[in-house]
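The block underneath contains the structure these notes are about, expressed in structure tokens.
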Amino acid sequence: GCGSKEEAPAETPAPAESEAPAAPAESAAPAESEAPAASGESYDIVVMPKLIGIPYFNQTGEGAEKAGKDLGVNVIYNGPTTADAAEQVKMLEDYITQGVDAICVAPNDPAALDPVLKKAKEAGIKVLDWDTPATEALVDASIHQISDKELGEHCVDKLVEYMGTDEGEYAIITGGLSAANLNAWIKYAREYAEEKFPNLKLVEDPYPTDEKQDVALSTAKDVMKAYPDLKGFICMSTPAPIGTAQAVRELGLQDKVTVVGTCVQEDCQDVLSDGSLDCGMLWNTQNLGYLTVACAKALLDGNTLSNGATIDGWDSPLVMENDKIVVMGPPDDYEKK
Amino acid sequence: MKEKFLEISNVSKTFPGVKALDNVKFDIVPGEVHALVGENGAGKSTLIKILSGFQQPDLGAKIVIEGKETKLNGVMDAIRQGISVVYQDFSLFGNLTVAENIGINEIIEKNRPVLKWKEINEKAVKALAIVGAEIDPKEIVENLSVAKQQMVAIASAVAQDAKMIILDEPTSALSRNEVETLYDIIDNLKKKNIAIMFVSHKMEELFHVSDRFTIFRDGQYVDTVDAKDVTEDDLVSMMVGRKVEIKSYANLENKGPVALKVEGLSKKGNFKNINFELHEGEVIGITGLVGAGRSEMAQAIFGINPPDSGKVYVRGKEVHIKSPAQALQHGIAYIPESRQTQGLVLPKTIESNITLPVLKKYRNKIGLIDRKTQRASVDKWVEMLDVRPNDPDMLAMQLSGGNQQKVVLAKWISTQAKILIVDEPTNGVDVGAKAEIHQIIRKLASEGTAVIVISSELPEILSVSDRILVMRKGRIAGEFLNKDLTQEMIMSKAVV
Amino acid sequence: MKFYKNLRSKHSNELTLAIIFIGIFVLMSILSPDKFLSGNNIKTMMFQMPEFGLMAIAMMIAVLTGGINLSITTGAALSSIVCAFILSSEFSQNNNALGIILGLIACMVVAVICGVINGYVVAYIGVAAMLVTLGSKTLFEGLGLAFTKGGSISGFPEAYSFLGNGSVLGIPFPIILYIVVIIVSYLLIERSAWGTEVYMVGCNEIATRFSGINTKKTLMKVYIYSGIMAGFASILISSRYNSAKTDYGSSYMMQAVTAVVLGGTSISGGHGTVAGTVLAVAIVQVISTGLNILGVNRYIINIITGGILIVVLALRYITKVMEDNRKIKERAAAAAK
Amino acid sequence: MKNFAKNFVKRKEFGIILIVVILSVILTFLSSAFLTVTNIMDFMKSNSVYGIMAFGMLPVLISAGIDLSVSATIALSAVVIGKFMLAFPNSNPVIVILVAMIVGAAVGVINGLIITKFNIPPIVTTLGVMTIVNGAVLLGTGGAWISGLPQWWVSFGSFKLFGIVPTQLFMLIFAGLVTWLILKFTLVGRGIYAVGGSQSSAVRVGYNVNRILIFIYAFCGMMAGLGAAAHISIVGQVDPNTYTGYELDVISTVVLGGASVMGGTGTVFGTTLGVILMAVLKNGLILARIPNYWQKVVMGLVIIIAVSVDVINRKREQAKLVRVDVEE
């Protein structure tokens, strides 16, 4: 079962591999099919991930493009090949030149995009951020798969739940020390753990694994040697939990060491099966892309987003933290059934 | 007359820059030593590269080996035909052992994929024995002296049991008694009925070893003559197209004050307790066997690898020179042994080479090089030393040995250094150019420059120097005034 | 006419590059006249190119000596991080002007120090440049991480953003800086005594040293200059992205090598011109911007860039061979007469 | 014996042996977990991939070349065998490894052909090929992971002889052995050293230099292929993105092992030491509980110091070298 504290929204997100996002899209499709005719022209909406060519952003892309079809808008899903803010800025500048209608970006680094997002606004382009917030003042809407705070805290809760105790040593494995969103989650997780579970002891600053599964594997192993009494791992970035779980498996410590973290569902089935990974979690990645495009379209149509309102293509009411931040909902937990 | 091993005709070779060979011919019979002579740039090495299959001649060339017309399309062809070469620059593998450098060739020739080290070592030891060199087969080649490297090169040619061996200036790095060994080697190669093609600029050895001469001039075939039918002068005038006389310049009077004084100069494993004085306007010749430590001593004075102990005075003031840059400031210039690696920046133009040490002199107000004045002075030096071709934009590597050496000279003369040390200045330089270089050196001396000439070639030493120091095993073994001296007197000090 | 001859004989390489550049530029203009050729886009490129160009020059001078500098990007990041600490400090908030000046000075100081470290190990210890900079690359990155804890430093005085985003008389400031640097570099590298020494060292260090040149000093200056160029780039980057972070511009390292080689600089040292590098940079820029505007996937852009690199060098070789053959034929013919 | 000791100190590898030993001693004191069979097996296993690729890179560096494309090559091989195993779920490890090596070799041959036919410098050629192959791989896969590999592969990857020695270590040893045999006992191998020493001389003594060069790069690619097999046998699935940046790590490993980028020198023994040093370093940084934010600083310093020490030693040797047997 999904151990999330918050009330899950009407539609339970479909498992990523199925024709997601089942619930919203299907019901939305008929409503939208004549939309272009209605609004006359088709919008150019740029959806830019941090980088292209990794599973996570492929799936958000699929969602975004699906929304494009359903809503009859032209979605341009493109981004740099390395998670380099400089590259993102250049590409955005090019798109502003090109004169698109909306830009939805997952910033590799919020501050770095300020100037270019300013330019976009001045050019009268709707600006949204998704996956990772940009500077709030510069965006018309900010699509959060979940609040960073909530995810960080959720990790800690899951860790404690599976450790079966709230005392002992734990370590954090992260994709990279300079990944803004991972750092955000980690920050909240650490703060939350400190005040809620004072007996949880973080052994060391987060261990970087270069977004590489094998590095996570060897690092986790070494960490367990360096800290023999270690009780659990929190793993941020999608390859990390799997590598870490494999390490636990190789040392046969499935029931001694707990592993929780963010990963893509298909990729973690194997390590879940024997409990070397105790709980993987992620939001429905396709829905994230879908919702982003839907919001952009809504804004372009001149609607305003408000809490509880429904918009084309997303028939569950919007959950808004304030007049800009749209929250998709709590993460899905992947656990051994 | 035995039938010829090799006969070639209509051989031409055109490079983008020049026509190096203009349908020349050449032939050789087993057991003879046939010398190929000519000035620098006459095309000797080029012909050798063609015979070794390393370069292809222009169309129309005719190459007949043992009666059969053939083409040498690659090095392998030549080696299989039994032609092996000792190149002017050895072309050894500095990073590999002596044994491998000698022993591997046969395996390459037979193209055996897997090799047996025992075999290779034995072969190497045998070959080294034939050339009579005591060298440890396990030694890495780049740790050997130039001389020893030369012997290794010869050994590896011998090891290929070839029918014809080509020696391109094989003695340029050899000292007298090593040359003697070479003569012996050549003799018993002749006995084995091997044909030997011999290239050299040194008259005495040419006449010592050769049965026949073929003369090239500027890529043209001049003539082929029997050694016994010609005198040195005939040969020289055939090569150069005019008469060149070897003068003796010795001049024991009117030398100026002491320019350079060396006291107890020592460097471990290089030289020990060197003392001498050098006067302005004087030319000292330093000779001895290769490996006597002359270059090492010179390079110590020039600051390349400074001495451990001892004093150096320039014009009476003690100096501590730690780098060539400092030596230059004290007006000391050193023209190194190897122009290819130490003397010249081969891929750059004559101009940039000549002006390198004095670049700063050509800076204008805003600190940029003033190209006009630079070109002007370069033209002057090219003019004065008669570098051919006299185009300052020519790349150094396109020049032949003699002209390269002139460029190096020009480079240092242009610094107006008052003390000039030249190491093997005429190594691989033809008779004509050699005489010119001697003239230049004496001219500088007469203008008050103090000169040290390091050379293994006694005729040269006897010709240019006023005073002669002989080095042996890192020490100064003897000193002579250049007055009714003979080569024998000098050698007696050089060898133990 | 004579001028043209001279141009062809001495600068054939630059000529070819210029033609390629114009060709590609025209092609792009035809493919998307309204967007690529728009003044707006030209301006955008003028903002983008300088930081890359500066990195390329930083790389070029090292390559001229037969070395290479793999640490330009991390060195630049480190400098801008130090700069950022000052810019975002209490002090700078209160008195901007002084803060910015101090920041810039600090930035250049760090850049020079990076150069000195590389230069010392390369010139005075004598380690191959590739190895040294391989190490210093990691070192500088590490320091950046240690200082920033992986985060990005932002919150600069408003005025600072002028350096990267401002214009003078409608001309982007970065391009002005770039042009000045190009001219200075040309004079220093191709017209000064030191520059000549650099080329000579690149061809034959021993012969140059034997000629009384203090080659160690020459090399040291080279790496310092390289550091300074990277430093300038880092200023533009931190200003354009209004923040500083260890991995900014990381993708410039390999791109710089590409541009330098494309520009005709011999990777083994001794040959190459500033003009060539600058043209190559422009070519790469136009390709990536142009294709980007055409909405081409980044990977295809990379593939094309890589392809062009190899093709151009292949052509360079083939033409040289044909040229030689032509000369030889001419001579042969001349001789025949 | 004394003589042996002398020669040993003279060896190029001495410097790095020293560093490895010192590091190990320190670590043994800092962490009881360090000097244990399991730990050693673990870090050798997790570095086997770099090791295998390093042995492939060694001949390239000896020949005075360089191959930046290995990271792209390993990615390509990994993807190909990943898809291969899904397509032929009842083939077997040997075939898979062969496929990987063939794919790698193919890329290598392309490198070799471009280098020899258009004589474009290796660093440039391989840089271009890297960009192209990488682009192609990610374009083709969209970076999607390939998971759900057959069971026989998983168990092959997790097999340990006597429950101690992992499969990947055997692959590593195999790679090292093959490289050593080739370099020491085959004509091609000696040709590689010859080319590195002096290419023109190599031509003059009759080596077919072009063929040698093509072989070198093919071999390097082949080892990258083997590396791919080793890697996905460890992680159990294929992530096309995971290989970026491998080239520099591999190269630094080899040069730490005493191979000169100027060419001509380098030994399998040295490279092995290089691999061990890297492994010990990564493993040690964590066991020694070095603050994570400072790890890269330590890494960088160690690299710079190691290469510097090496050079300084060699210079001292050169200076000691007796140039003239001076009469005392």
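Descriptive notes on the structure:
Going in written order, the chains are labelled A, B, C and D, and every chain counts its residues from 1.
Convention: contacts are C-beta pairs under 8 Å (C-beta built on N, C-alpha and C of every residue); 3 or more make two chains touch, one makes a residue touch a chain.
Here is each chain with its UniProt name: B = Autoinducer 2 import ATP-binding protein LsrA; C, D = ABC transporter permease.
What you see is a predicted model, and the numbers here were worked out from it, not measured in a lab.
The chain with its CA mean position farthest from that of subunit C is B.
Annotation: 73 Å between the Cα-based centres of subunit A and subunit B.
In whole angstrom, the spacing between the mean C-alpha positions of subunit B and subunit D is 43. Computed centre separation for the pair subunit A/subunit C is 36 angstrom, with centres defined by C-alpha atoms. Among the residues of subunit B, none is in touch with two or more other chains. Looking at subunit A, one finds that residues 52-53, 81-82, 177, 205 touch two or more other chains. The multi-chain contact residues of subunit C, meaning those touching 2 or more other chains, are 145, 149-150, 297, 299, 302. Those chain pairs judged to touch are A-C, A-D, B-C, B-D, C-D. On the subunit C side of its complex with subunit A, the touching residues are 35, 38, 40-41, 44, 47-48, 51, 145, 148-152, 154-155, 161, 164-165, 237, 240-243, 245-252, 288-289, 292-293, 295, 297-299, 302.
On the side of subunit A, the complex with subunit D involves touching residues 52-55, 58, 81-82, 177, 204-208, 210-214, 217-219, 221-223, 225-226, 228, 239, 242-243, 246, 250, 264, 266-267, 269-270. If you check the complex, the residues on subunit B that touch subunit D are 52, 54, 74-76, 79, 85, 87, 91-96, 100, 104-105, 107-109, 111-115, 143, 145, 268-272, 291-293, 296, 305, 472-475.
Of all residues in subunit D, only 114, 118-121, 123-125, 127-132, 134-136, 138-139, 248, 251-252, 255, 260-262, 293-301, 303-304, 307-308, 311-312, 315 touch subunit C in the complex they form.
Of all the residues in subunit B, the ones that touch subunit C in their complex are 12, 14-16, 18-19, 22, 58, 304, 323-325, 327-328, 334, 336, 341-348, 352, 356-357, 359-360, 362-363, 367-369, 411, 415.
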